[in-house]
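Look for chain A in each of the two complexes below; its partner is chain B in the first and chain C in the second.
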Partner chain A sequence: MMSATTITIEEFLEAAKEFVKKSEKVCDGWALKLDKTDIFKTYIKKDTFIECPDTTALYKIEYVIFYNLSYGVPSFSFNVWNSSGMLITLDDIRRMSFLQINQKDFYSVITQQEHPIFQRPYFIVHPCHTETLLAAFRSSSKNIIVTFLGLITPLIKLKLPLEFGYQ
Partner chain B sequence: MGAVFEVDGTSFNKEPEDDQLYTNVKGTLMNKNTMEEFKSIEKATFLSVVGKEIWARIQEKNIWINKPSSLLHFVIISFADLKKFNYYYWFGFPSPMQPTVYMKDKSLSIAAIFSPKQIAELAQIYKCLDREQKCFFAVTKENDTICVKTLSSILDLKKGPLNNIDLSSMYFVFNDPSNVDNPGWPLRMYLAVLTDHCPSLLEADIKVIGLRCNATGNIESSRYFLVTAAMEDVKNKPCTVSDFWVGWEKNGKGSFGPRVAKMSASLDPVILADTASDLNIKLMKWRLAPDINVDVMKSTKCLLLGAGTLGCHVARDLLAWGFRHITFIDNGKVSYSNPTRQVLYNFQDCLNGGRDKAEAAADSLRNILPTAVSKGITAHIPMPGHPIGASLKEETISNIQLITKAIADHDVIFLLLDTREARWLPTLIAAHYGKIVINAALGFDSYLVMRHGIGDFNPDETSVSSTWIPGGSLGCYFCNDVTAPGNSMKDRTLDQQCTVTRPGVAAIAGALAVEILVGLLQHPLRVNAPAVYNLNSDTEDIPPEFQGVLGPIPHTIRGFLHSYQTVTPTCAKFKQCIACSEVVINKYMQENIEFLLEVFNSGNYLEEVTGLHELHLAAEMTDILTFSDEDEE
Partner chain C sequence: MANDREVLREIWDGKLPICFQLAQEEIMEIQQPDAFYVMVPRLSYFPLVTDKMKRHFLRYISQENSDSEMWLDYNGQPLKWHYPIGFLYDLLCGNDPQLPWHLTVHFTKFPEDVLLHCNNKDVVEAHFMSTVKEADVLKHRGQVMSTMQKKDHNQLWLGLQNDKFDQFWAINRRLMESHGDNEGFKHIPIKLYSDDGTCSQRLVSPKNNDGSRKTLQQMVAELYPDKHDVQLRTHGVIIPSDTPLQWLSEHMSYPDNFLHLCVF
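This part shows the complex of A and B:
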């Protein structure tokens, strides 16, 4: 029998709700944005600030995790603004040290695209390998979003409190 | 990282979003309509006026004692240049200049004066306080426990303290946005109201906690300050608290001045269109062809000779590939039959006798993408075998100069004309200037697309055993012909006289012409990229040095829609070519206009110059000999 490796929107929503609950407990700032008319437009997001270690310039980052319908997996997207509200370009992102992506592989991992939910340009981590990677952890995963973020955080310095792993 | 002061779209809401670790600060935005008005604001006076208003408001019934959050206020002055999408803004955090605050000692970490247990208590107290009390309150140490004292519990609403304040056990706490050793701006206001209300506190040692809470509610980076406040003279005169106010923010350069947000990249529709169309090409680079040079298309200037069916299709494909500089030369006007096939025109362009095609095509491109740099040149291209009368001589010469300059000014010349002989002059001039030439011609259901070699004729480079020809030695449109162009109204092969074609042919040929150009530009040797003889074999068998980023680049593509077949012949330069051979180019360089006029008057002249005439005679002799051989057998 072929086992399904993709996840359904219902599984995603379930995991998202649980994830946000855990986040509230540890004040990690994730919020669920539920769209009742179109559940595929439901997403979770977190706004945070980072300081560039080289210039001490301040940036605002918005992380959004949404359900990618074509790939049947969670997708990770983000945007970065400077303190005046100007959007940072992909080339600037590439030079910023908060990402730990090999410069050579950078463009194959992160690209700027029109966001499927917001219809505005966002930086999106390409979902093509997500399914295979998630499949390996699927049976042991307690929360698919925690597992998914666990796969992403080696690439993007996203401080994920260990408490997310607790039951 | 310290606290972040954030103003965004939600700041205009009447009720702020409830977020536990945020402190809400009310503010005033003053937007000026002109740059001059913005510049002419007297900054010091402005802040003092705002400060006096704040002071008057909080003094009324001493509202600040019950509602300490009213002590916090900010101002923004701004100017929006809505044409350039530049937004100038300047934050001010009005704080009274007097009393002057002195730090008695270096500040200490909160851990130096409170035990971990006490710190945890303070964190809990802070978390549970009402939003309006969070910014300014006090605590006392009682039997090792921290007790919260709201301002209303220690201060008399009328004047002075309710009971004597024991400064040795009282800590005045404020929400401190600073992340350095010094306290943040709210402390000035705190000490000003405290000392104004309780003059006994003036010049006394006051213990202050700058509460610094991080996103998870942790307050361990809080600081302890021991301070005194004293009223001093300003400009040698005694003053009151509300007389002088400070607090303009420094800008990114560290000086007192406004900041500017240049938002055109995310707000200007013209720039949005440009970057969005660019994104398509960048995605190719990011996803599929990492070695693609995205910028070369933007910087390459294309000249399109002919703004008809082919010209329109080529221009649109160039735009799609990220080219931005496209010039048209055509001498026609848009007619009613054009718009359905010539995809840059519409019905409006046909009215009143029709617009000049070159100009209409350029306008249309800019309508599609405003950042396209496009112009039209209306000029007739003189042709061999089409004699110039005396009345037209001056105009012809001026046209030749116009065309010559246009070719010299561009990097790529597309020949998209509807006759064979109109291609002669631009082929010659482009060969002389060493420009890339892409040539497309249509028959009823067949097409020809090719690139011209721009090197010298070199027979050593091409031998019978060779499997390829270097790009410079590739033939031009005329190299494979052994007759000079004359009048094309006579029956010729289909691709030599384009009038009636199946509509798809131009779209196919136009697309291939652009793809050949992009292939060349993406090849390390560019125009010198070699062409292999046999492209039909699997491209894996073709050595990598013959392939560019996008694969091997053919010399010629001939397609036949009738049978849906494509062939890619590769042909070398012909040393007696009537357009690109050394002898013709030399003659052009020496005699210029005189030579050209002679060619226009008689096509046969070219056959004499190049020696083709003799070749014809020789060919006829060979025929005779051959026949006689056969006869003998």
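This part shows the complex of A and C:
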């Protein structure tokens, strides 16, 4: 069902494939996980490690972008584990300044939820404003996922290589 | 509109008898604690109905664990508190009913890779309200929730939390209205669960392409073209396959405004 503000699963998949291609070119680590039996369970993900500058403790971070069926927009989710494999809580994440999450919006925008694809707890950025924001940029967007990540980065510092902006 | 008030009332009044027992390895007293029996509303959530039970068991566990997060399991399977109680029972015991429902209570080893954290009832409220909002996006592009006032949102939540049918439905009826000249919602908020717990969500229209009312049977044929004899259960009953989806959504949705159906 086409509408002016939402995107279809086909548009999402198209953008995801293109995005992953660009990522491979600059070795940014995003990978596409296609689910052939259930197209709605297709997603792209990136695993990365971050060292906390103060304690030199190492954390593993997993970013997942998937299609939110109800809102018809991409959704951003992530989890962080410490070096003993324990999941980091929302309060801990908020204190991790190296992730640079905007403090003001934090609790209203990021909540722990059951991930619709993995059915395990993930931190998910709430999609309710994504639709209006994406709509504003949609006509000028070359790739809806790059545009979408542009909306997320003020919230969570993802180092996105500039090359993603080029055709 | 949700007009069949007796059906709404009957579903609201659905209760389950539950027998809680403290996990053996957590008992720190010589005297064994008695099991804790209670009737709970099927439509509620465990964190809303377990305060008394928690107090009952607290004096039998090690003091150092008394502040840690309580969680429940059925047959070794952790129970996801963010699903309505009646739905959890239908999913896990639907094929093999046992009453009272025997659940085990834990205060240690929180299975953080399975369960969402729930430190207080505000977390339940936030989860509930965001699910109602999502359902409204499917039904009316989110217009009903966004035009409601904060006090209406509160009334919806308090109605559920305090088990007040009239208080809840005074607001919820607005979420069950069809808009425009449309006889029906844009999409039906529906989640289908297999018995292994996997959930699939689809955009489901309450109408067929020719404009006629879509029945449960017709939806099943669309979603599971290869399967025969698919049956769906909710609120402890198997739904007749000729039930129109629009009626089902208005009357058999959980308070979070979603139909949670178990496929078997």
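The rule we apply is simple: the second predicted complex is superposed on the first by the 158 of 167 C-alpha atoms of A that agree within 3 Å, B and C clash if a C-alpha of one lies under 4 Å from a C-alpha of the other, contacts with A are read in each partner's own complex, and residues count from 1 in each chain.
Here is the rule we use: a residue touches a chain if its C-beta (ideal position, glycine included) is under 8 Å from a C-beta of that chain, and two chains touch if they have at least 3 such contacts.
Note that the structure is a prediction, hence the values are computed from the model and not measured.
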item	value
Side-by-side fit of chain B and chain C on chain A, or clash	clash
Touched partner set for A:Ser70, first chain B, second chain C, both or neither	second
Touching partner for A:Phe49 - first (chain B), second (chain C), both, neither	first
First, second, both or neither for A:Ala135, with chain B first and chain C second	neither
Partner chain in contact with A:Gln112 - chain B first, chain C second, else both or neither	both
Which of chain B and chain C A:Met96 touches, first, second, both or neither	neither
First, second, both or neither for A:Val26, with chain B first and chain C second	first
Contacts of A:Leu87 with chain B and chain C, given as first, second, both or neither	both
Partner chain in contact with A:Pro121 - chain B first, chain C second, else both or neither	both
Partner chain(s) touched by A:Leu58 [first = chain B, second = chain C, both, neither]	first
Doubly contacted chain A residues - partners chain C and chain B	86-87, 89-90, 111-114, 121, 126
Chain B to chain A touching residues, read off their complex	1, 4, 6, 8, 20-21, 87, 89, 215-217, 259-263, 265-266, 276, 279, 282-283, 285-287, 290
Residue numbers on chain A that touch chain C, as the complex places them	1, 38, 40, 69-71, 86-87, 89-90, 111-114, 116, 119-121, 126, 128
For the chain C and chain A complex, residues of the former touching the latter	80, 82, 112-117, 126-127, 130, 133-135, 137-138, 142, 189, 197-203
Chain A - residues contacting chain B, complex	26-29, 48-51, 58, 60, 84-87, 89-90, 107-108, 111-114, 121, 126
